[in-house]
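Reading through the structure tokens given below for one structure.
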Amino acid sequence: KLSSTGSIMGRVFADYSVYKGKASLSLSPVLPTFTRMEYGLRVDRQGKMMLRFCPAVGDRKYDWEKKQLFALSATELGSIISLGPKDSCEFFHDPSMKSSNAGQVRKSLTISPTQDGNGYFVSLSVVNNLLRTNERLTVPLTTAEFAVIKTACSFALPHIIGWDQCTSHQSTTNGEKSWKVGSLDSDSEWNR
Amino acid sequence: KLSSTGSIMGRVFADYSVYKGKASLSLSPVLPTFTRMEYGLRVDRQGKMMLRFCPAVGDRKYDWEKKQLFALSATELGSIISLGPKDSCEFFHDPSMKSSNAGQVRKSLTISPTQDGNGYFVSLSVVNNLLRTNERLTVPLTTAEFAVIKTACSFALPHIIGWDQCTSHQSTTNGEKSWKVGSLDSDSEWNR
Amino acid sequence: KLSSTGSIMGRVFADYSVYKGKASLSLSPVLPTFTRMEYGLRVDRQGKMMLRFCPAVGDRKYDWEKKQLFALSATELGSIISLGPKDSCEFFHDPSMKSSNAGQVRKSLTISPTQDGNGYFVSLSVVNNLLRTNERLTVPLTTAEFAVIKTACSFALPHIIGWDQCTSHQSTTNGEKSWKVGSLDSDSEWNR
Amino acid sequence: KLSSTGSIMGRVFADYSVYKGKASLSLSPVLPTFTRMEYGLRVDRQGKMMLRFCPAVGDRKYDWEKKQLFALSATELGSIISLGPKDSCEFFHDPSMKSSNAGQVRKSLTISPTQDGNGYFVSLSVVNNLLRTNERLTVPLTTAEFAVIKTACSFALPHIIGWDQCTSHQSTTNGEKSWKVGSLDSDSEWNR
């Protein structure tokens, strides 16, 4: 199976991970998917930043089987990128939203500054009323680790919203009119 | 139709959109077009950032037909990227500029901070003397949404001025003189 | 002539330009050139950011023939990228350096904040003792224009030092050892 | 040998170097290597930022043979990227870690602000108990040079953790399900 640029497709597993006393946290970008339409490519499913928490089960051993996931949208990522040193933020997800189990599982991600101001706590809480479980996994981040996350997520953000695809389909005109890359609009603003 | 990198051309539709009570706002970059000259490629039409406002016509329904567009230039984008939390900015466009209808339609885009300092109002006003209409569409943005816009527009800016094309035409010399990528100038500054 | 990525080579002319009362200023990145060595590619000539000033010769007309160039190195670009709102910087170039005419032509570029703090003056002075000329071209920049320059130059900087080439020659191993991309060093630090 | 994008592989030698009175300092990114698995590509060896110090042995001459290396991890790079004008940081490496010589060689890298606040000292100390040597190489950096390092390292960071590979394997769906790029997880968070 070939991608549009001719390379062999497949998943790429590249995480940024921190391993701490009680849990590990791994981040990896998930790109949007596109659908080919008559007039070009359209985003089919939004991209996201996947967070994976694994509980520690020994000295620097983490249980992959008990992992908990939390997928940040572009706007949630915007919260993290713009987080000041004393700011905190919280996101709520219902993984069963729009299904009959809506409201039965509640995930919340909290990022709050440490008391000494030299980092953050990232905490994932999963309350599952169906399984009657209530889990919380917390990973402390140093300023350096959070700087990596901010920088890497700022890099990933335009890719998550698909704008890197706009830029890689650059056309070259030769007198004739080129395809416009962007939106399906016609308006004098296009001709500015 | 093939682009210079061999991929199939076509429009790519990737917007960053926010949907609010009275209107939606979508942003998507529009790349410059190039003309092939004897000596290389030259920007033919400047790139821009296209803003599309659609009025709400029901619960999370927006009327695409009544959309209003506003295309930001690189310098206007610079205003937005450098906007401080208490700053505001305003741009005026005349879509009929240089035509016989000049001055008949006036579009203005205003970005101003919310009173609580936790976001901005983005407001597009379109006064059309020909149709005797006067529309205003306003979308409130949270800090997180504005952080996405700042980050994504900072990513898009070099592409909008065409500098990503300079970098993708990297030559490799092998003793002989390589093509210079840049400007059509000759001066000792080139040999520094 | 084909580049290493298979596309047709040639100059790409993409400037960011501002046109003011007394002069215009255009910026465009000039990439480094590489020489193919036995063991890989090595930077042959450093990249730079080319600034071109043209004097105004009428209402929004600028004299290309009388242009003056100034090529910023990576470190000089670092000065501009890190310039605070009240900072100024100055660079001196001798285009005849290391020739018999050394010292006869002196170019200096000054960037200084405007009195109201809402922008900068960019001023190029060229004193030519051979031609007995003394020219000064000054372009005022708004905050928005300087934000474009900062953002675009931050994008260009890694390309100017050739680091985008390091990243585009990503190898994929399949059991066997891959080529290391980076420096010609052997040390246990490589195996960390 | 061909890379996945079809270009001829090889090392690329592109450093950012500063040459000072007592030593030179060169930085160059080292990309991660990937292993092809049944289900895609996985990072095999982490990327890093390689620092190379060479002692001066004359007027602007530096002894390559006596170079000392220090490889910064992604998180160590995060420290540098987030370093404030009055901050300092220090990293310790044991190049023989996990071998029988563990503890015999100690490398430490210190970055500390200059007294006037207009730059930093970057200092590498190598204490080798086996060879009974004790070396220290120090390079002063101006604000402009440090701005280049910050900007270039921020660019390199996502590449060092392999996220640029996630983004270059963009798939295009055509009705059928695309490969997910990211992590080997299945969870409703994937379907958000």
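The first chain written gets the first letter, and so on, giving A, B, C and D; residue counts start at 1 in each chain.
Convention: a contact is a pair of C-beta atoms (placed from the backbone, for glycine too) under 8 Å apart; a residue touches a chain by one contact, two chains touch by 3 or more.
This structure is a prediction, so every number in the text was calculated from the model and none was measured.
*Asks:* Keeping to the contact definition above, tell me which chains border both chain C and chain D.
*Replies:* none
*Asks:* Are the two sides of the chain A and chain B contact the same residues or different ones, given that same means over half of the numbers occur on both copies?
*Replies:* Under half shared, hence different.
*Asks:* Would you kindly tell me how far, in whole Å, the mean C-alpha position of chain D lies from that of chain B?
*Replies:* So the centre of chain B lies 34 Å away from the centre of chain D.
*Asks:* Using Cα averages as centroids, what's the distance between chain A and chain D in whole Å?
*Replies:* For chain A versus chain D, the centre distance works out to 24 Å.
*Asks:* Two or more other chains in contact with one residue: find those residues in chain B.
*Replies:* As it turns out, chain B has residues touching two or more other chains at 4-6, 34, 41, 165.
*Asks:* Looking at which chains touch which, would you call it a line, ring, star, complete or other?
*Replies:* Contact map by chain: ring.
*Asks:* Residues of chain B touching chain A in their complex?
*Replies:* So the residues of chain B in touch with chain A come to 1, 3-16, 18, 26, 28-31, 33-36, 41, 44, 48, 50, 52, 67, 69-71, 73, 93, 95-96, 107, 142-148, 151-152, 155-156, 159, 164-165.
*Asks:* Using the touch definition up top, name the residues of chain C that touch chain D in the complex.
*Replies:* Interface residues on the chain C side: 4-6, 32, 34, 37, 39-43, 74-79, 81-82, 89, 154, 157-158, 161-163, 165-175, 178-185, 187-190, 192.
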